[in-house]
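Here the structure is laid out as structure tokens; the discussion comes afterwards.
In order of appearance the chains are A, B and C, and numbering begins at 1 in each one.
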Amino acid sequence: MPADPRQTLPAHPVTAGASPTTEPVAVRAALIVVALAFLALFLVLPLVAVFAEAFRNGVDAYFASFDDPDTWSAVWLTLGVAAIAVPLNVVFGLAASWAVAKHDFRGKSLLVTLIDLPFSVSPVVSGMCYVLLFGAQGYFGHYLQSVGVQIIFAVPGLVLATIFVTFPFVARELIPLMQEQGVSEEEAALSLGAGGWRTFWSVTLPNVRWALLYGVLLCNARAMGEFGAVSVVSGHLRGQTNTVPLQVEILYNDYNFVAAFAVASLLAGLGLVTLVVKSALEWRYADQLASGRRH
Amino acid sequence: MTSSLDATYAAPAAPGAPPSRLKARMSATPFRTPSAVPGFGLALGFTVLYMSLLVLIPLGAVVAWAASLGPTRLLAILSQTQTLNALKISFGISLAAAAMNAVFGLLLAWVLTRYDFPGRRLVDAAVDLPFALPTAVAGIALAAIYAPNGWVGSLLPFKVAYTPLGIFVAMTFIGLPFVVRTVQPVLADVDRELEEASATLGAGRLTTVFRVVFPTLIPALLTGFALAFARAVGEYGSIIFIAGNIPNVSEIAPLLIITKLESFDYAGATAIATIMLAMSFVILLVVNLIEAWSRRRLGHAR
Amino acid sequence: MDLKIRDVRKEYGSFPALNGVSLDIRSGELVALLGPSGSGKTTLLRAIAGLEIPDSGRILFGDEDALAKPVQERNVGFVFQHYALFRHMKVFDNIAFGLRVRGRARRPAEADIRKKVLELLDLVQLKGLENRYPAQLSGGQRQRVALARALAIEPQVLLLDEPFGALDAQVRKELRRWLREIHNETGHTTVFVTHDQEEALELADRVAILHKGDLQQVGTPDAIYDEPATPFVYAFIGDSSSLPIEVRGGRAALDGRALPLGSVDAPDGPARLHVRPQDVTFVTPGEGVALGRIAALRRLGAFRRADVEVGARRSRIEVRLPPEAVFAEGEEVGLAFERFAVFPAEGAPSAARAA
């Protein structure tokens, strides 16, 4: 029996006539135009502006912006911080989702709510709590000074602040998916004699690889682009504790607009790549990503 | 399930001890349901350790610092004019921006879910731009566009950049995806039969949309509004470039926190941070309440 | 209000949902549209309501062209399989909805609306539940609210789309009986769609059977059961088996041998003889209509069922036997047919009879 085509009809094509459950063509067209205009004005224009301003004085000026050694230090620093923060958060995400999705315990929902915490906390407050802990006048300030360890206004502070704001990303993608997938495959592997680690590597990980990639992508994009939290702990020492976003701010405040936008275009490019890969993953592997994800 | 298992394995009652029935009930809900899957201790232990060290204790530091100041001192700090104004600006403009996003986010969600037009997929992906673009990048771009000599700024008879209006524009930018992404799945789930029923009962299209469809979207819309609001209040990077950052006029609370930190006024910074943290928790609570209420009142699908 | 449907056609892309269906429904009648999935019955119902627009054909409510009006103006009461109640409104507001959305000219006063809603709640036996929300009602209760809501607008025609499909078997039986009572009381012209033949035969004044977009037969339940017009109707209603035969000169023949069945109303050529399990009896081999060999014997509920092979091609027919019948597998038996029907073989033209 052929499937009832009525149930597989897509959203109402803008050119089709009216039907009892949709608006007249003119209304539809008008709504679409208004919505797109809003989107273009508020969201797309900034993206376009970044590249337009970066190339304002021509291609040569664009590339000249990268002759600055401070900019290069910022790039290496950003890469380094991300290289530490992202893997750590991946380990955390895997551990948390293993505990939450494959086991039953009291306080599970509290844990999951706490994992979402950084999303509700202002990035400035996120950075600030490390200042209160490790800053010169913080709780551990004197102790750290006495042992000569510097966290705030140094790289460790940057890493900590970055970890704080990005640690939910991987966990949030893995937990719902692993909960949906259940424990049956792991139980099957165990019954066949596989040990815990073997089960994890051979059974659990392959099942979540696309969600893991998705989470890593988001985590990385945020880690490299974070501004507010690192701004608080950084100290803005040129060439030393400036990540790429902070370097953009410095260039901009120095009225070095073309250079600022040129460096910003790196981040914008990263953002676009992230968006594209994200959409591709959603499109091709929708069934292997958690349904009902929230951003 | 667990309680009967435990009752089976509960030790037989010694004379004078409480009856085994009671003993079984006392250990009826253990911390963890026993299962064959290993690694629980390791996984949970690492998770809790990580979160405590990196998140809970640092946040606790803020709370502890605030507590050590005491409520009178906190209140005194918060009543300072500059602080009050910064909070008013942050909360006030965030509210306005979230409201704007509620309207246009709903429109966008409607258009994306219900209509098919060339480039729809592209537009759908574009909604995530504020998530993908780092805040500082968005910040300088917005400043450039709305500056008096910028693309949009030069077309308008009034100033946008470096005024509260600029803050509004930036907050609208970052909050939009929250509304769209919260409303979209709910809208997609709306049963067309409800609209058909409404039509058979004689309601015109506008009446059907406003009296039958929109009410089912209210919980999602409220949630999206709350999330957009929360995000806008705490946002820093996208806003400081386009705001004038003039104290009492266009200075947002996060900026004031940083200013106070840089001048080692930890007390002042903590006071403001406490208010913002409190608001975050309230928003989280409100969102959870909305979801619980809507689940109870509207039931699951069908 | 009587309903005239004339040669209605509807295609979805290349999928033909309705192939020129014509049907007359008298005022006050309760008609069932019966058929398997994809037969077009729901499409026809929705076309009457105005939820689908036919590609061609006419639909008349009395003398008025219904197709000239959009669904909002046709004043039909539609009851959906999954109730389609407005979840955010109380039962009272659901039922009152159709009255409240009317323009100022036609809208009754709020007091009158209240009176009407409470009357309807009484009619559908849900008195006292007006302040509940749909989520707090059972499936059967929700469907009754849906019916009350449709009745509130005093429709010209009442249309029900598999109204009991989503309910438990027991609730279904009760609501079936109850719907018939309501119909007798209110007298609306009613059309309902179902794939359950038992429901159609029990409830309807007349049954219209659709198959792949064609109207196969319209008639009273007795006519449908006792005088099926097409092989599909015969097979769809009740159990049946069929034998391939040849018709020559008005007489049926199996494997070249004429069958002692009297004259048969079918054109010459290949045909099929249809018979119901309960209309076949075993007689002495050599007597009766044909010879058969019992291939299998099974117990089926209160009866026994025999699969009997007949003819050179060893076609199988099902025979219903009383439980105390004693036969063995492999035994040869004679078959007597109390009742049967002969139709031309598939591909040959067959006229749908309307009664």
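Here, contacts are C-beta pairs under 8 Å (C-beta built on N, C-alpha and C of every residue); 3 or more make two chains touch, one makes a residue touch a chain.
All values derive from a computational prediction rather than experimental measurement.
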item: Farthest chain relative to subunit A (centres taken as mean CA coordinates); value: C
item: Of A-B and A-C, whichever chain pair has more C-beta contact pairs; value: A-B
item: Central chain (by mean CA position); value: B
item: Euclidean distance of C-alpha centroids - subunit B vs subunit C, Å; value: 53
item: Distance between chain centroids, defined by C-alpha means - subunit A, subunit B (Å); value: 16
item: Whole-Å gap between the CA centroids of subunit A and subunit C; value: 57
item: Where subunit B touches two or more other chains at once, by residue number; value: 196, 199
item: For subunit A, residues contacting two or more additional chains; value: 20
item: Multi-partner residues of subunit C (each touching 2 or more other chains); value: 50-51, 70-72
item: Of subunit A, residues touching subunit B in the complex; value: 10-14, 20-24, 28, 31-32, 34-36, 38-39, 41-47, 49-50, 53, 91-92, 95-96, 98-99, 102-106, 111, 113-118, 120-126, 128-133, 135-139, 160, 163-164, 167, 183, 186-187, 190, 195-196, 200, 221, 224-228, 231-232, 245-246, 248-249, 252, 257, 260-261, 264, 267-268, 270-272, 274-276, 278-279, 292, 294-295
item: Residues of subunit A defined as touching subunit C within the complex; value: 1-2, 4-6, 19-20
item: Touching residues (chain side subunit B, partner subunit A) in the complex; value: 29, 31-33, 35-40, 42-44, 46-48, 50-51, 54-59, 61-62, 64-65, 104, 107-108, 110-117, 121, 123, 125-142, 144-145, 151-152, 169, 172-173, 176-178, 181-182, 185, 192, 195-196, 199, 205, 209, 230, 233-237, 241, 254, 257-258, 261, 264, 266, 269-270, 273, 276-277, 280-281, 283-284
item: Footprint of subunit B on subunit C - complex, ascending; value: 49-51, 70-78, 80, 82, 84, 86-89, 97-98, 101-102, 133-135, 146, 149-150, 153
item: Subunit C to subunit A touching residues, read off their complex; value: 12-13, 15, 36-38, 50-51, 53, 70-72
